[in-house]
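Labels run A, B, C and D following the written order; every chain starts at residue 1.
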Amino acid sequence: MRYREALREALREEMRRDERVLLMGEDIGVFGGAFKVTDGLLAEFGERRVRDTPISENTIVGMGVGAAMCGLRPVVELMTINFSLLAFDQIVNHAAHIHYMFGGQARVPLVVRMPQGAGHQLGPTHSHCFEALFLHVPGLLVAVPSTAADAKGLLKSAIRDDNPVIFIEHESLYGVRGEVPDSDEHLVEFGRAHIARAGSDVTIVGVSRMALTAQRAAALLESEHGVHAEVIDPRTLRPLDLDTILESVAKTNRCVIVEEGWPHGGVGANLAALVSEQAFDELDAPVRRVSGADLPMPYSKPLEDIAYPHEAQIVDAALQALGVAGAAAHRS
Amino acid sequence: MSAAAEPARREDASRLPEPDTAREWLSTMTLIRRFEERAGEMYARAKIGGFLHLSIGEEATIVGSARALRASDYLVSTYRSHGHALVRGTPPEKVMAELFGRTGGCCGGRGGSMHMFDLQRRFLGGYGIVGGNLPIAAGAALASDYTQTDDVTLCTFGDGACNQGTFGETLNLAALWRLPVVFMVTNNQFGMGTALRRHSAQTDLRRRGESLGVPGMRCDGMDVLDTHAVLCRAVAHVRRERSPVLVEAVTYRFRGHSMADPEQYRTKEEVARWRERDPIPAFARRLREAGVLTERDLEQIDAEAMQRVDAAVAFADASPFPAPDTLYDDVYVLEGALSGTYSVMTTDPGAHPVPADERGAASSDGADEIPQQMSDALALGEEAGT
Amino acid sequence: MSAAAEPARREDASRLPEPDTAREWLSTMTLIRRFEERAGEMYARAKIGGFLHLSIGEEATIVGSARALRASDYLVSTYRSHGHALVRGTPPEKVMAELFGRTGGCCGGRGGSMHMFDLQRRFLGGYGIVGGNLPIAAGAALASDYTQTDDVTLCTFGDGACNQGTFGETLNLAALWRLPVVFMVTNNQFGMGTALRRHSAQTDLRRRGESLGVPGMRCDGMDVLDTHAVLCRAVAHVRRERSPVLVEAVTYRFRGHSMADPEQYRTKEEVARWRERDPIPAFARRLREAGVLTERDLEQIDAEAMQRVDAAVAFADASPFPAPDTLYDDVYVLEGALSGTYSVMTTDPGAHPVPADERGAASSDGADEIPQQMSDALALGEEAGT
Amino acid sequence: MRYREALREALREEMRRDERVLLMGEDIGVFGGAFKVTDGLLAEFGERRVRDTPISENTIVGMGVGAAMCGLRPVVELMTINFSLLAFDQIVNHAAHIHYMFGGQARVPLVVRMPQGAGHQLGPTHSHCFEALFLHVPGLLVAVPSTAADAKGLLKSAIRDDNPVIFIEHESLYGVRGEVPDSDEHLVEFGRAHIARAGSDVTIVGVSRMALTAQRAAALLESEHGVHAEVIDPRTLRPLDLDTILESVAKTNRCVIVEEGWPHGGVGANLAALVSEQAFDELDAPVRRVSGADLPMPYSKPLEDIAYPHEAQIVDAALQALGVAGAAAHRS
């Protein structure tokens, strides 16, 4: 099943299971969704539960907050994460704070779904990765699924959770196929990292789409350099399963973090800080970060190609962490 | 503009309500006034911190509009909302304790003056971001419709809030989706220090919804009868037609925007002129002249208000401050379906990670109303056979 | 609504412009059409990536409105702006090269289809965020006023953009500050797949500014004469009165929203009906019937357009891709007053820190216009004796 | 001169110097500014150059962007940083990207000024520190002055610079006095950290208001523990003067970073990641972070007091970095 279909399955199952679940977003109904995630749901559930909205991001999210406070469980789709900046006030000052600010009286069981990512030549305003902006905010849960199975399991968990969830999909993953457990109760817990590939030489943490790039890089490290990399996909950034990462680093003594977004104050910086502080004695080399370039994403293909991470940079970073420069080297 | 949306004036405004009702309105207006005067004193005595926005002068707008609602309707307000909590029935003790930052406060001292809240009484807050409450009100109205009740939501905000992007976005969505919301602009003539004509190209605020086909009404926010009459029409229209109305309540803020306001933006004379129309003595006089209340009744009403405020202060003073170890309570709802460590900042001196086994411990008082609504909604679900 | 804001129709619309002008309009509409048809083909051949939003069907709106401006007026558009760049005089070579992502593009391949720009011709872009261009247009108008010129700004956006918060915010500010902006809604009946009546409570879009006292006008966006006549009145009004006007241009998008659009939201019949009103053949017929142009002229105009598009593709194809080492150029203006390291990510494989000594190296072609404006402004400053 | 007055001086001098400089913001004119920074400027410069705006944050900033592109040099005041979330789209997708996105044709010499910070019981929606959100964004310059002299010198530099500048003031600093060089040409360069106190035992980096708290903590470390802390105020976060921090750490081998905002993905994480990576061999102990608590800021005084850093936590962190627990200890 494709990542896109896994998300649709999660929505369909949860909508069947719970009448309080409804969808709101731009072109999610008649158009079927900009990335076709919600295709067919209008036909099945009707206009009461699948609602096309005007282009009013801040208000769509804010309505989701209000509806959630009053007992519904809205799932709001923002067409892409690039437009979430317009809804940032409702997400931070309202959705994230209301439960605490009102002394626990109100709950905001809201899910805000949106895809991020570069690689399609969408240029500076349409290629953002903003995990870092959301993981910064207490009160939010943040998911960054990289596989179809996690996409379905995490989305179902998100819809059932009583906290506001920022659910970050990736434009490049919608078409990717993967095994998905055939069960209405396939739930993936938040705060549980996934060891995508076991290894003993170096720990590579890949966030969102980069979890897959990291796995391909790990295969190259093995075949071309005889290096056994362990690849960890945190799957959620709030809560964060730091323990699994620390256990791996305790074993490998080396760590590379891969993110697609901007390096300054990015998710990579957050993870690098945590690992450097808490695995200080285990680290044989500085944590290496591989990130998107520190600039607005250019449209032109050759520039875009070098502006976000690929296998080669991850392999290099891993070899540097291992203290081996160049190719065909072995662990020193 | 639909007939139902015609301003009321004369006809109803002159009609006085039942004596008990009239007394209750005056008592509540007086309570709000005395409560806020005292809050101002407590602020001067540093019992209250942060910002304190008083609605002194706006009591007729608050009581006249809230009394047009029934208990199951939602009320959504701003950072100037002590009166809205009180008019909804939140005990003055809990409001004052919130201002004092005590555990006895309606939000346990977490929100303070700008973030009052009382879910059980369907007072939906208390929001510090100008214009931020409009989408939330529309969401509440959506929930009412979705769960097939005929409840409405009254959303009040200031003249300055009309210039925030959410105003146009929310009115359009409410009109398009036919949501049962009464949007009430509490036009107190200023957005902080900026006079209406200096912040809004359209100074006839009831017309601000015209472009979106949202009918406008206006009431004299200094007259509790007119305010009530117009809001009753607005609420009835919205409840029946399931589509929004915009009401402008024309009033005035007697005090500064907040406690620290030199008020260089208006003259003492202007304030004095408006104070002559003080809604409380005006309504009191009217009731006395109509023989509804005697001079003694009026004195008694004021004395009662004073007593309740004294009691509120005493309660607030006696209420304990939150214990340090409650700092992290209710950042997240922890009895949900998810596990995992919510905060991993062991390097953060303040923080305490929440291990999986502690989950479910966190309290969430007041949330009891939600399960009720949920089961309603679920029942619908069963009908729908899903 | 002021007299100047009355829709034009009949009277002027029937009057044809001078033959040379008429020919230029038809040539430009034809160029835009042919250019975009070819761009579509180039997209299919993967010469162009990302999103490609074509304005095929909207050429009369583009040319009729832009020709109501003078060279020093500003034009601000959206992500559907190839035509706006072309009508302002940006060479088709530079627009096509931008689509190809080449150094010869008007933005050096940085922006692509959604982010066209030509500062020298006062085409102020090209913005990917719906509604994001309105405040920027108001800012340009503010600059015109501030520097005491009588230039105006034409800001065009879609029907869907009217629902973005910036719409209400910007119209209010423009009206309040009396800024010389013509806001033009290019109403092509859909916001992506959402029909007008499904996204806007008010479907008579020219009225969307009423609440703020912004007069509304409407033009037939399929008729270049009517569009030009109405926009001339709008521009004249704004230039004279220094206050904004909202114009609705009623048109239609013949192609999908972008290249990947199954168009399930409308029927083939509906599209066919609008295509019968195709603005280019309609205007051509009119000119032929009026004896302004012969059949041969028309063939020649189309042949010329085709040649220019061929030349544009040839240029774009020959233009080199940006060199990798230019990746970090123009992230910052580095000849400014500041030093310091702008990027310290030595762990970032792509990044190259910019050491202080390299500063001033970065190019910023096209920026030459700004110093001119600056010195104007400074001159003012000197007058003002500051 | 007070921090507030230093800012006013900078605005006045630059407005006198350059006719293109104008001010826009809520209540900056007739009201004199929510924090009185602009008090008196309307009287001196008139309504053309000192403009009260409606409450429309996104549009005010966007107008600043457009005006800057057309040759003006607008200084926009957002009443507090809490409201900047509403303007986030114009700041990120427009102000920060326009120069790059349009191939260098346009410039955005815009300054957005706003105060941040907790400590005045303003509660969850009004106590934010958002440096981390802005330093993440390429194309922006970010200043966080902690003294009157830096406030004036950095603001003057910001106004003269051709890049969009996010100028973050602090509500608690407006009334603080400090020496300010009496010169129209007192400019403080961006990208130059300030060594606020010299020391050899431990490096303490304090951001924004925390630079002052860190200096008081350093005094305690000296008087009560005989520890000589070096305190560094980065002054700007973009560009960041990492070299000065690394030089200090090379000397002290220990580093503590103090920020007032949220810990996850905060400025502290960014600095801790950079120092841990680039001073790996110099560090004798993990970098310690002292940050605000990971929650919305509560209103109640006793809760607010423990929800952001004070001297005591900084002293503790420094002693931990030095491997000495408890009081009156000496360097081990």
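What we mean here is this: contacts are C-beta pairs under 8 Å (C-beta built on N, C-alpha and C of every residue); 3 or more make two chains touch, one makes a residue touch a chain.
Please read these numbers as outputs of a predicted model, since none were measured by experiment.
Here A-C and A-B are compared, and the pair linked by more C-beta contacts is A-B.
In this assembly, the chain whose C-alpha centre lies farthest from chain C is B. Between the Cα centres of chain A and chain D there is a gap of 30 Å. The geometric centre of chain A is 38 Å away from that of chain B, both derived from CA atoms. Chain B and chain C have Cα centroids separated by 45 Å.
Residues of chain C in contact with two or more other chains: 108-111, 115, 127-129, 163-166, 169, 172, 176, 198-200, 331, 343, 347. The set of chain D residues that touch two or more partner chains comprises 53-54, 56, 58-59, 82-83, 86, 89, 93, 100-101, 123-125, 138-139, 238, 240, 264, 274, 277-278, 288-289, 294-296, 298. The touching residues of chain A, counted against chain D in their complex, run 58, 82-83, 85-86, 88-89, 92-93, 96-97, 100-101, 123-125, 132-133, 135-139, 238, 240, 262, 264-270, 272-274, 276-278, 280, 283, 285-289, 294-296, 298.
Contact residues on chain C toward chain D in their complex (touch as defined above): 74, 76, 105-111, 115, 117-119, 124-129, 132, 134-144, 146-147, 165-166, 169-170, 172-173, 176-177, 329-333, 335-344, 346-347, 362-367, 370, 373-374, 376-378, 380-382, 384, 386.
The touching residues of chain B, counted against chain C in their complex, run 163-169, 171-172, 175-176, 198-202, 207-214.
Those residues of chain D lying in contact with chain C across their complex are 15-20, 22, 48, 51, 53-54, 56, 58-72, 74, 89-90, 93-94, 98-107, 138-139, 141, 157, 160-163, 187, 189-192, 236, 238-243, 274, 277-278.
Those residues of chain A that touch chain C in the shared complex are 26-27, 30-32, 34, 52-56, 58-59, 82-83, 86, 120-126, 263-264, 288-296, 298-303, 306-309, 313, 316-317.
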